[in-house]
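Here the structure is laid out as structure tokens; the discussion comes afterwards.
Here the chain labels run A, B, C, D and E in written order, and each chain numbers its own residues starting at 1.
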Amino acid sequence: MIVRPHQHWFLRLFDWHGSVLTSILFRLSLNLLMSLVAILGFPWYETLGIHLTTAPFSLIGVSIAIFLGFRNNASYARFTEARTLWGTLLITQRSLLRQVKSIRTLSLDQAREFADLQIAFNLSLKHQLRRTDPLTDLQRTLPPRWHNAVLHQPLATTQILMCMGEWLAQQRHEGHVSDIVWQSIDENLNHLSTILGGCDRIASTPIPFAYSLILHRTVYLFCTLLPFALVSDLHAMTPLVSVFISYTFLSLESLAEELEDPFGTAPNDLPLDAICVAIERNLKAMNGDPLPEPLQPDKYFNLT
Amino acid sequence: MIVRPHQHWFLRLFDWHGSVLTSILFRLSLNLLMSLVAILGFPWYETLGIHLTTAPFSLIGVSIAIFLGFRNNASYARFTEARTLWGTLLITQRSLLRQVKSIRTLSLDQAREFADLQIAFNLSLKHQLRRTDPLTDLQRTLPPRWHNAVLHQPLATTQILMCMGEWLAQQRHEGHVSDIVWQSIDENLNHLSTILGGCDRIASTPIPFAYSLILHRTVYLFCTLLPFALVSDLHAMTPLVSVFISYTFLSLESLAEELEDPFGTAPNDLPLDAICVAIERNLKAMNGDPLPEPLQPDKYFNLT
Amino acid sequence: MIVRPHQHWFLRLFDWHGSVLTSILFRLSLNLLMSLVAILGFPWYETLGIHLTTAPFSLIGVSIAIFLGFRNNASYARFTEARTLWGTLLITQRSLLRQVKSIRTLSLDQAREFADLQIAFNLSLKHQLRRTDPLTDLQRTLPPRWHNAVLHQPLATTQILMCMGEWLAQQRHEGHVSDIVWQSIDENLNHLSTILGGCDRIASTPIPFAYSLILHRTVYLFCTLLPFALVSDLHAMTPLVSVFISYTFLSLESLAEELEDPFGTAPNDLPLDAICVAIERNLKAMNGDPLPEPLQPDKYFNLT
Amino acid sequence: MIVRPHQHWFLRLFDWHGSVLTSILFRLSLNLLMSLVAILGFPWYETLGIHLTTAPFSLIGVSIAIFLGFRNNASYARFTEARTLWGTLLITQRSLLRQVKSIRTLSLDQAREFADLQIAFNLSLKHQLRRTDPLTDLQRTLPPRWHNAVLHQPLATTQILMCMGEWLAQQRHEGHVSDIVWQSIDENLNHLSTILGGCDRIASTPIPFAYSLILHRTVYLFCTLLPFALVSDLHAMTPLVSVFISYTFLSLESLAEELEDPFGTAPNDLPLDAICVAIERNLKAMNGDPLPEPLQPDKYFNLT
Amino acid sequence: MIVRPHQHWFLRLFDWHGSVLTSILFRLSLNLLMSLVAILGFPWYETLGIHLTTAPFSLIGVSIAIFLGFRNNASYARFTEARTLWGTLLITQRSLLRQVKSIRTLSLDQAREFADLQIAFNLSLKHQLRRTDPLTDLQRTLPPRWHNAVLHQPLATTQILMCMGEWLAQQRHEGHVSDIVWQSIDENLNHLSTILGGCDRIASTPIPFAYSLILHRTVYLFCTLLPFALVSDLHAMTPLVSVFISYTFLSLESLAEELEDPFGTAPNDLPLDAICVAIERNLKAMNGDPLPEPLQPDKYFNLT
């Protein structure tokens, strides 16, 4: 995710990094080429009775803008829901540890073991959503006595949640935790389950494929035909206006596709690495342990 | 549901499967035919003083796009609500089994019996929503002692929920479960009831019929009249532009109709089979039982 | 509510029942008349310097479409909220009875008495929302010992809720129900209160009257002036296009008005009768009692 | 709030009360005047090379319609949120009293004292939101022993909530209420606090001032310039079309401003007086006390 | 935040403060300059065959308006979510203190200590969101015995929440608070954690950078090219219309950027100072302590 600090409005016009410009540059060049073809071919194809005017393109352009606005809404809703789920993860982990630490008879080491389970849960969820291998991270953070139940399991994140439930059941069994207090803590474990399920749902259910397909096609066909419609009015100015209009439609279509899967590592996706470290910092601070450094954006203001 | 992996933007333009193109192909051909009629009849009907211009079609076209955008929103909201309900089903079943397993005095076989009830609940709900016969699936998964109460009942899914409540009441009666723990587990049974009721509501309440009807009619009338309005401006280019505009409107109208009932088996509907297997895998993993294989999309990336 | 099964796209174009066409037919005829007046009067009023063109009507037409889209959203939101409340009613009643039946010391007759109170609550709510007389239905379903507290009371539905609370307080008093279990059941009684209050709010608070008024007026003025603006471009085709555009705007305005009060008995309103029977079936099935027949749509697919 | 019963569509066109017409009449007259100026000045200013056409006004008009649609959404969302909060107030007060009355050891007089505190809370909230003096109402409804803690306090509504909490704490102290039951009742007191805070937030936080300002200005500038753009096309018809378009934009802008503060006493604001009486009727009925008359709309269908 | 009281519609047209006019004045002047360039250069560049017409600008203008409407929605949603979170903060703090004060065995001094922790929490959260130094405020409000655990800590706000949890655990340990009551109070501490996490999420996650960038660029390019497209139709009127259209687009784009970070101190941001004082007043009133003065807007109606 790009976390650009405030920028002068004029400089922002020429900011290169963090836009989707790189991914549509080739297609914009194609559009420029089509504009030149339209200008050069104009005198010739007019004699053939081929005739395109701006009016019907205005109709279809505005319609596509309306549908594209809808698709942007849907993609952005997925992005914000994913962000809210990870925000809730921080909140829930903090509440969980506060509740665990309010049990007066627990030692600090026991609280640390629980915090380690929590940190492992976050990392395992991150790797699951990005389809990367969690093994190294889990070996580093997971308390050894839970290694067997979690490592090399197909559903590692669910298993860690099970371990947290077992840890809690053991405390209740040993009398550290009354039924009432168990209930309050268990409710937060349910929240973790909700977050896991919610992220999983976003990752596994794309926006209906036909939406992407229909808009992808209409946007491209629209941009391809546009120069031929503009040329009779604009003559030499066709490339400028055609590329401008195409830029607006192509870049928003491209961004909508990028935001659709918010767990990736593209410049507009969520900084899961940074959030994982932030949660770890919060939990460590509550136990009075030394904090890891917060992640900083790189020189292109990109935070992973 | 189509779960197409990332595709090059150019190839995507020609992707055939998973679009709604097949279902509107005949109507697009009709539109093409009308365009040819408009071109051929143009010299003749102009002499009759019949006269259609683009301007009023721009007005009605943009208005229809606005209303179609609204209908798409409503259909997509039903789709996402249905998906969220099935996501919550996974979450709740996982939380339920975690709570049941945290009762230290229960044997693994008792946890397995409860998990079987859960799996039967999911399958029964799926069959109810798709209006298919649940008998084979229920006989396979349901523990025998509950067969009488569920099989051949008109409201099988509700009955399974009743059985889960009875199972729980029995554990409370036998002293395995305190009132407080019962309360926490019972809350998740209420969640199951909420999911069942929510899916049922979506399946039984269509979008008000008049909306579909009004938009269906206006979209078709618009597409039919369009060639006659375009022909005076575009002459020979009429078929291209007319089919393009019609494709945008017809395909989105058709998709909105498909998404309206998200529990069907059309290419853009929810993969209930796959979700049922995924929940079963989660529950089996929590009991340490062998996992069924996850469902894979077929060669057209279609997941049922 | 119209529950039309899937229909071929071509037949659907000519479906008469369930559209709002009947209610706007007279107004469409007026529009047709105005179009004829515009054609006939055209040569004469052009000599007077009276002059209307399509351009400003495009501006006002698209603006009205945007505002009408907003009004449709607001009306449809009321419709879906009302439907969700009645869906939640089914869910809550089912959960309530499941909780009551999990009390091991209660006899089946006591559970039946409670179920009868629940059924009476639904019917009373239905009659309250439709402003019909609940007396016959209440006398039939309500257990006799509660007749005094409910029948002929100005706030019958609230009173039934009070009776359910009293029934529960009595069970707690007699030791059937512990405080914890009482709390869980009481929470569902609160849900009933929420549903009652929510339906009441929708029924008693219309969309701000000025919205309906402003849009009603602008839509009508727009449709009335439209033929005079179209005639200079379209000549003989004016009636066709004018009636088409008017149909789109008038029918959506008319439908928005119909959906605004979702508890009525118009073709697009909620099938409260059918839902009441469905809930009764669910509750009776849980007690093992004979089920009433589910309501079926009539031959026009209308379900009340 | 205007609660107009169903009206024939034709009569509705000429309904005067309840529209915002009165508040924009002067501005519409100004627009009419500008139209006449445009017609009379047209021959003269055309010689000056001053030249306005409809096309750019179509662009700016549709853009303003889109932004105005957004502002209407925001205002209407405030209105519905406010209405929902007051609906929840009724629900919560009813649930609270039902819970209090389920305490078997409380006398009817004690329940009445609590109900009086509830009624005072509603009235105090109403006066706070409308910035009127609550003294008379509070003296009439508040039980005398709480007068000291509430009357003449700067935060009277909060104080009444405190008194309800104290009343409840006393019952717990005297053993009428167990901890569990206290918890259930206390949760509803929290709901009251939520409602109070929510209403307060709406009343104290307007929509960002710049939104109102930008739209107010652009709508007025647009309406002022419009006649001069229309006149070259429409000649003598300019006043009709110009006033029509201005009416649409001005009335919606004016309504959005009225709805922005839903607690006022304008014709489209919430009927807080009527809701307060409705809640009082519900609470009195639950105690079997005589009911006050429900408020009726006046002859202009206005309910305060 | 500007809290302008009701203003006459005519005066409002010329209100200077509180608009975003100051921040776009330079850009509007540039646009005026471009318009003059377009008028002066018009005769010359027409001979070059350079040719821009209004039609394609209408298409791109309306599309940008649609996308800008979407961006406004997203920014405003952040603003209202932030406002709701701070509203919930007031509600939760009030509920928390009411619950603490209902513990009969606590002295007033202990309630005051807890209230001081609450006030410090609000101030610390405010300073964290605005990235200012909380030291002075914390030293003033925080009870001395918690100074060590909070001051100079990197995550001060989280630490204060921990202290509140510890204070509560101590009361439970000393027998003032039963498990059930602890549960109710602990739930509100979880609410505080939710508010903290929610505000943090809004502050740390901007709207995807590419959205801002794409719209920023297209709006500016559009406004720059606009005069050249208008000049052939409007001649001398170009500056008026061009600046008018640019004002609408630039001001809304600028406002969307301002609202995106609602915790700043710009004129349309949230009045966190005033809300902090309001919460302090509520808590002090509940303890019967002298109230600080509420913050008043300055002479430009600005409330910080």
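We take it that contacts are C-beta pairs under 8 Å (C-beta built on N, C-alpha and C of every residue); 3 or more make two chains touch, one makes a residue touch a chain.
Being a predicted model, the structure only gives us computed values, none of them experimental.
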Checklist outcome for this item: Joint neighbours (chain D and chain E) are none
Item to check | Count of contact steps on the shortest path from chain A to chain C | outcome: 2
Item to check | Length of the line joining the C-alpha centres of chain A and chain B, rounded to whole Å | outcome: 24
Checklist outcome for this item: Distance between the CA centroids of chain C and chain E (whole Å) is 38
Item to check | Residues within chain D bordering two or more other chains | outcome: 55, 58, 62, 66, 69, 180, 183
Item to check | Sequence of touching chains round the ring, chain A onward through chain B | outcome: A, B, C, D, E
Checklist outcome for this item: chain E contacts chain D in the complex at 1-4, 9, 12-13, 15, 18-20, 54-55, 57-58, 61-62, 65-66, 68-69, 72-73, 76, 79, 83-84, 87-88, 90-91, 94-95, 98-99, 101-102, 104, 178, 180-181, 183-184, 188, 230, 233-237, 240-241, 244-245, 247-249, 251-252, 255, 258-259, 267-268, 270, 281-282, 285-286, 291, 301
Item to check | Of all residues in chain C, those that touch chain D in their complex | outcome: 27, 48-53, 55-56, 58-60, 62-64, 66-67, 69-70, 74, 153-155, 158-159, 161-162, 165-166, 168-169, 172-173, 179-180, 182-183, 186-187, 189-190, 193-194, 196-198, 200-201, 204-206, 208-214, 216-218, 220-222, 225
